[in-house]
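In the two assemblies presented below, chain A is common to both, partnered first by chain B and then by chain C.
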Partner chain A sequence: MPTQPPLPPLLAPYVTALPTSSLTVLSTVLGAQGNWLTLRYLYAALNASTASDATFSLSGDNNNNDGKKQKVVLVSFLRGWEFWRSEAKRLGLDLARLTDKRQFAFIDGLSELFSSPRTTPTTETAHPPLPSQPALRGGPIPQRTVLPTRSAPGPIPARGPQPTTPRPVAAVPPPSAPPAPREVGGPVTRLHWSSKGAAALDSLEKDIAAVVAQLKAAATAEDASEVLLLLDQPDLLLAATGPSKDVGATEMSEWVMGLQQYVDATVMTLAADLPLIHNASAAGHQMATPLETEHAAFAIGSAHRAHMVMQLRDLDTGAARDVSGVLRVSKGGAWGQSDNVDTNGGREEREVLYFVQRDGGVSVFGRGE
Partner chain B sequence: MSFRKRNIGLSTGGDRAAPVSAAAQPQQLASAASAPESTPGVRPSPDDGRPTTSTGTPSLDNILAGHGGLPIGKTLLVEENGTTDFAGALLRYYAAEGVVQDHRVHVVGMPEQWGRSLPGLIGPADAVDDKQDKRKGERMKIAWRYERLGEFGAGIAGSRVPTATPGEQAQPTAEGSPDKRPAFCHAFDLTKRLTHPSIANLNYIPLAPSNEPLLTTVHKKLDAAITSSPSSTVHRIVIPSLLNPTIYPPESCQPDSVLPFLHSLRALLNRPGVRATAMITIPLSLFPRASGLVRWMELISDGVIELCPFPHSADALATSGAATSHEEPPQGMLKTHRLPVLHERGGGSDQKVGQDWAFTLSRRRFEIKPFSLPPAEGDKEGQDGAASGAMPKKADLEF
Partner chain C sequence: MAPTNTSHRQTHNLLLISKLLSLRDTASPLALVLDSLEQPATPLIKEYIRRAKLSKVHITFVAFETLQPLEGVDAFVAARKKSPLEIVRAVNAAHTNVSTSGPVRRRLILIDAINPLLHARRTDAHFNISSFLSSFLMPQSPTASKVEASLVVTFHQDVPSPPPPSPYTPSPLSMLTYLATTIVRLHSFSHILAQKAARDRSLVPPVFGLEEEQDGVLLGRLDKPVGNDSAQGVVLELEHRRKSGRGVLEWYILPPASHYPRQYAKEIVTLLDDHPLYRPPQEPSFGAGEEEPESTFELRLTDRQRRDREGVVLPYFDAQQGDGPGEGGRILYDMGEEDDFDEEEDEI
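Moving on, here comes the complex of A and B:
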């Protein structure tokens, strides 16, 4: 199988130049995870030269080419910074450096989402010393970096389920100042699940919006301030909290919709495993649990609001050595709503196979090719 | 080689009494700074060099997507159908391996008897395989780094056999082996009891009711135990039979209790500077895979394997399932639903993916091997022909 460029030609029209204010849903299953595709979105947005043609440069350095350059905010609920950094490196993206250049921001929804920070002091220096030149570039995030927090009033959230006051995670420093010490490998904002239901979602939204605002504010004249938001498995929030915490499909949808307002395009990864989607339907032989009902409602509702749905699934005929899975691209419910007809150009519904190689490279090909 | 000396220093203790293992801590700390791979029981993955540790079951290490072990920072969810306890055996091997390697083992929700029933040490895993010994002499020497890639465990004969253990077979092989690198994986005997000085270091986390949610307490204790130990320590978190109603109260089976727990556990393992792995088992008969909760538990875990023991009625199949007469019949099927690292990247490129695996638990080992259906039961002639292996007689071919 010939090696393909970082952005395989078949895939390129779908991951580049996403329509304004669109939502793209990327559905995955247990055996076919979508991280590689998320990384392709990341690559397409951050590597400016890839705008519309299939001639890609391997190096991540030529960000100053002409072309539509986007900024990216990646919110990950299941994977940490280390994973994304090392995987992006395989594509030639240096996320730590891009973070420095204010083109990329990572929001960590894994580390402290449901557990309180280990160190309790919250009154820290609001403005940490300016970063020196990257001594620790790309290094791991130190154990507990002092994040620039506002002195939080009220008690510190002990842990998720208990009702506590939402704690501002990342203060918004003046846009001119770097938001966090260099050592964190970028201004890594850590999300916290603070109180119950809507309030907690609101505080998450506020945190993410703050990061988006920082990126936008850092835009200079020559570089566009379009921001792409990548939400990696926000459905975890729904699954891990659920109706008993006043979070349901409706609240989640509203939350995502709220986030969409801040950015130009949104890509959301969702789990679409059989039990999570089909148990809720009446055909199921057993009673659906609230988890299943809400998840199905959220996933299906999102697909209806989406411009495109990229479905990843296992090969129907069982595992194979040279095929990792199937990618089905279909129009979402919001297809064709944008006024500009050209934005849909080159995108059509299709089903292709993909193969993720050991080195992280991906080839996308049609059946029989 | 510098690390060789260090290891000699580590294993010279004729009787590895408790003070020795305590003294080993700073030594590990010193060595971890320069060469993290030299920590006992941790080696770089042949695939991409990330540190991995053994599950205590060589054949399980072998199917974990080419890493030759469980990568540090990953969780393995072992699901089991039915009422058997094969997954429990896997957990015991995993815990026993941790004890032998001086890792810090945290056991959640089990009394101390569980730790006392860990299987006894026989020796390094490869020393038990006498086949390997025979081949050792005649094999062409290639660079030691690649030597290990072919067959798991070949070429790593260990000297680090604690002499406190009554391991008669282990001693000669260890002395005879030319290289003195510590063993990565050991073999254990289920009928014996593990006696090792560091077995007292097992950290039991009881499920005592308190005023906060149970699993929250468990996570806090795990967090505290891991945070308070030196950063060079390798941790193993053992969670037997998660959500089993005889151990866990019903409210912890709610998604909003167990999923945040697993998420926090994942966060803990992914924290920079923490070197830990976790193995969790869950009874599938009570929590079927078709339920959304279990699917979410799988999604949060890095690796998912499912054990499907053959029911008793399938004994006939099981006995004939062995390819040859001296091979033990398989006791069940093993399915890999998700492998650490591999699937997170996108998956699918593993050579072994898609194979049917069968497992056999014997006194000495838990073995996972490709499952092959035997010749049809009624097909006597076919079997005889295969057994004799002879060409058909000339007379049979003539018209």
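Moving on, here comes the complex of A and C:
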């Protein structure tokens, strides 16, 4: 199989020049994860000018992003800074350097989401005065038993390799968010679940908006202030909080809509595994759990709001050595709401195969090619 | 069906859809549009807006999941994070601002998706969908001039509903279908064609998208399945309840917006049965079904030939008599000299 450029030509029209205020939903399943595609979005936005001569000439003239870099805010709920940094390095993107140049910002949604702010990770077990913390209405059990095992590896290596950042006031929390004062100094902003339901989502929105505003403020004359928001698996938030904390599909959708208002384009990764989508449908014979219902409502509702839906799935005929999975590009429910045809140029619905090589390179090809 | 009956149905039902889409005579105060990921409601909503513009109807768009106002909308009400009461107030305010300036008699209220409201946790237990919807249609104050309002509500069929608070509460969908005076179900034309093609061969009709129940598949729609370029358009399955209580069921097709100019005033919706792809024009010779195929040979019989044919006695009738040369069907065989007769095996 011939090696393809970092942005495969077949993929290029779909990951570049996303229409203004559009939402792109990227649905993944367990066997076909979407990290590589998220990285391609990242690459297309951050590397547009350098790649324009090689890749973009193949994909036609329809992208108006030629030579114009976008800034990217990556909010990851399932993977840490270290993962994205090393994966991006394989594509030739130095995320730490881009962070310093205010081209890129990473927001860690997992590490300290449910741990109380301003605690060092080593002293989590010594936390008897739980009722005194109003931020933890979720209950003491998840904090003590589950989260330390997860959060411990996150922050330490993430903060480790970034001692030289010349940005001591990165991610200054807005003064109106006292329950979640974040750690400053590193390139990573961490989200904290503060109170309950809509209020907590609002404060998360505020935190992310503050980061977006910083990037926009740092825009100089020559580079654009367009910001692309990548939301990596926010369904974790829904699964981890759920109806018992007054977070449902509607609240999540409105949260995403709120974030969309701050940025120019949004790409959201969601799990679309069979049980998460179909157990709640009317054809399901057993009682659906609240998680299944809410997740299905969130995922399908997001697809209704999306401009394009990129669906990753396993190969129908089973595993193969030279094919990793199938990518189906479909028009979402919001397709055609805005009348300008030129922004839709080159984006047809199609189904292609892809193969992720061992070195992280990806080739995308049609069936039989 | 007799041809007169068909043309009657055609005239009546086309008039009906024209009346409904153009909001004439308040034919239907509450229209429910049931869409899915396979066929979103956007083309129909745009068609509503286009016609309302032509007849100068004031359009209010209540956006639960749309961020950018659609083209041609007079008032855009973002319903995000608003309580039902706030939405009603905002919608009513959107119109009172206008009605002071000009004599707008009719208005159209579009709700882009009712599902988020039905799911939302902020709606309390006293929230009632019927009173919410009727508060749009009722005049706010007795002094206000009477405005004929039509409400078009979109409901995503494929978004699962949360479990009802009490087992005796009807589901939101059944509540909405009960309230609505017109229900439009949307289908993709290419899917309808594929299903019809399968049914014509007595095969199981194919399903698309979520109904495939395949891992990782949310949408199955592809624009051009196999070069099927002209199979565009939206199929509307319309159920209209008249005031008398009688229901009308009909299938229509709405062609894509690129096929006609924006200011086109004539009816563009046609019956699905009249579409050439759904029901191809029949071969002209098919109507005269009794005639046999023509050829250069004369295959028919004259009366005399038929009489002669009936008079022929076939050999097996002769053999059954038992007294003719066949002697009841026995096989007569004359031995030749090359035959080697074996007494034990052969018998004559």
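As a convention for this text, the second predicted complex is superposed on the first by the 284 of 369 C-alpha atoms of A that agree within 3 Å, B and C clash if a C-alpha of one lies under 4 Å from a C-alpha of the other, contacts with A are read in each partner's own complex, and residues count from 1 in each chain.
Please note the rule applied: a residue touches a chain if its C-beta (ideal position, glycine included) is under 8 Å from a C-beta of that chain, and two chains touch if they have at least 3 such contacts.
Just so we're clear, the structure is a prediction, and the values are computed from it rather than from any experiment.
A.B. asks: When the two structures are laid over each other on chain A, do chain B and chain C clash or fit?
C.D. replies: Result for chain B and chain C: fit.
A.B. asks: Would you sort A:319 into first (chain B), second (chain C), both or neither based on which partner it touches?
C.D. replies: In the superposed model, A:319 contacts chain B only, not chain C.
A.B. asks: According to the stated criteria, A:273 is in contact with first (chain B), second (chain C), both, or neither; which is it?
C.D. replies: Both: A:273 reaches chain B and chain C.
A.B. asks: Counting only touches as set out at the top, which of chain B and chain C does A:205 meet: first, second, both, neither?
C.D. replies: In the superposition, A:205 touches no partner, neither chain B nor chain C.
A.B. asks: Of the partners chain B and chain C, which touch A:301 in the superposed model: first, second, both, neither?
C.D. replies: It touches chain C, and chain B stays clear.
A.B. asks: Once the structures are superposed on A, label A:248 by its partner contacts, choosing first (chain B), second (chain C), both or neither.
C.D. replies: A:248: touches chain C, not chain B.
A.B. asks: Touch test for A:333: chain B only (first), chain C only (second), both, or neither?
C.D. replies: Touch status of A:333: second partner only.
A.B. asks: After lining up the shared chain so the two structures overlap, which partner does A:358 touch, if you call chain B first and chain C second: first, second, both or neither?
C.D. replies: The answer is first: A:358 touches chain B but not chain C.
A.B. asks: Looking at the overlay, does A:32 come into contact with chain B only (first), chain C only (second), both, or neither?
C.D. replies: A:32 contacts both chain B and chain C.
A.B. asks: Once the two structures sit on chain A together, report how near the CA atoms of chain B get to those of chain C, whole Å.
C.D. replies: When the complexes share the chain A frame, the smallest chain B-chain C C-alpha distance is 12 Å.
A.B. asks: Residues of chain A that sit at the chain B interface in one complex and at the chain C interface in the other, please.
C.D. replies: 31-32, 273-274, 290
A.B. asks: For the complex, give me every residue of chain B touching chain A.
C.D. replies: Residues 47, 212-213, 216, 219-220, 223, 227, 254-256, 259-261, 263-264, 266-268, 270-273, 289-296, 298-300, 304, 337-338, 343-349, 351, 353-354.
A.B. asks: Considering only the defined contacts, which chain C positions touch chain A in the complex?
C.D. replies: Residue positions touching the partner: 35, 37, 40, 42-43, 46, 65-68, 70-71, 80-81, 113, 115-117, 119-122, 156, 158-163, 210, 213-223.
A.B. asks: Applying the document's contact rule, which stretches of chain A touch chain B when the two form their complex?
C.D. replies: Those residues of chain A that touch chain B are 30-33, 35-36, 78-80, 82-83, 87, 110-115, 118, 140-143, 158-162, 193, 233, 236, 239-242, 244-245, 271, 273-276, 279, 286, 289-292, 295, 318-325, 354-358, 360, 362.
A.B. asks: For a test of understanding, state which residues of chain A touch chain C in their complex under the given definition.
C.D. replies: Listed in rising order, the residues are 21, 27-29, 31-32, 197-198, 243, 246-251, 253-254, 257-258, 260-261, 272-274, 277-278, 280-283, 288, 290, 293-294, 296-297, 299-301, 303-305, 309, 311-314, 316, 328, 330-339, 348-351.
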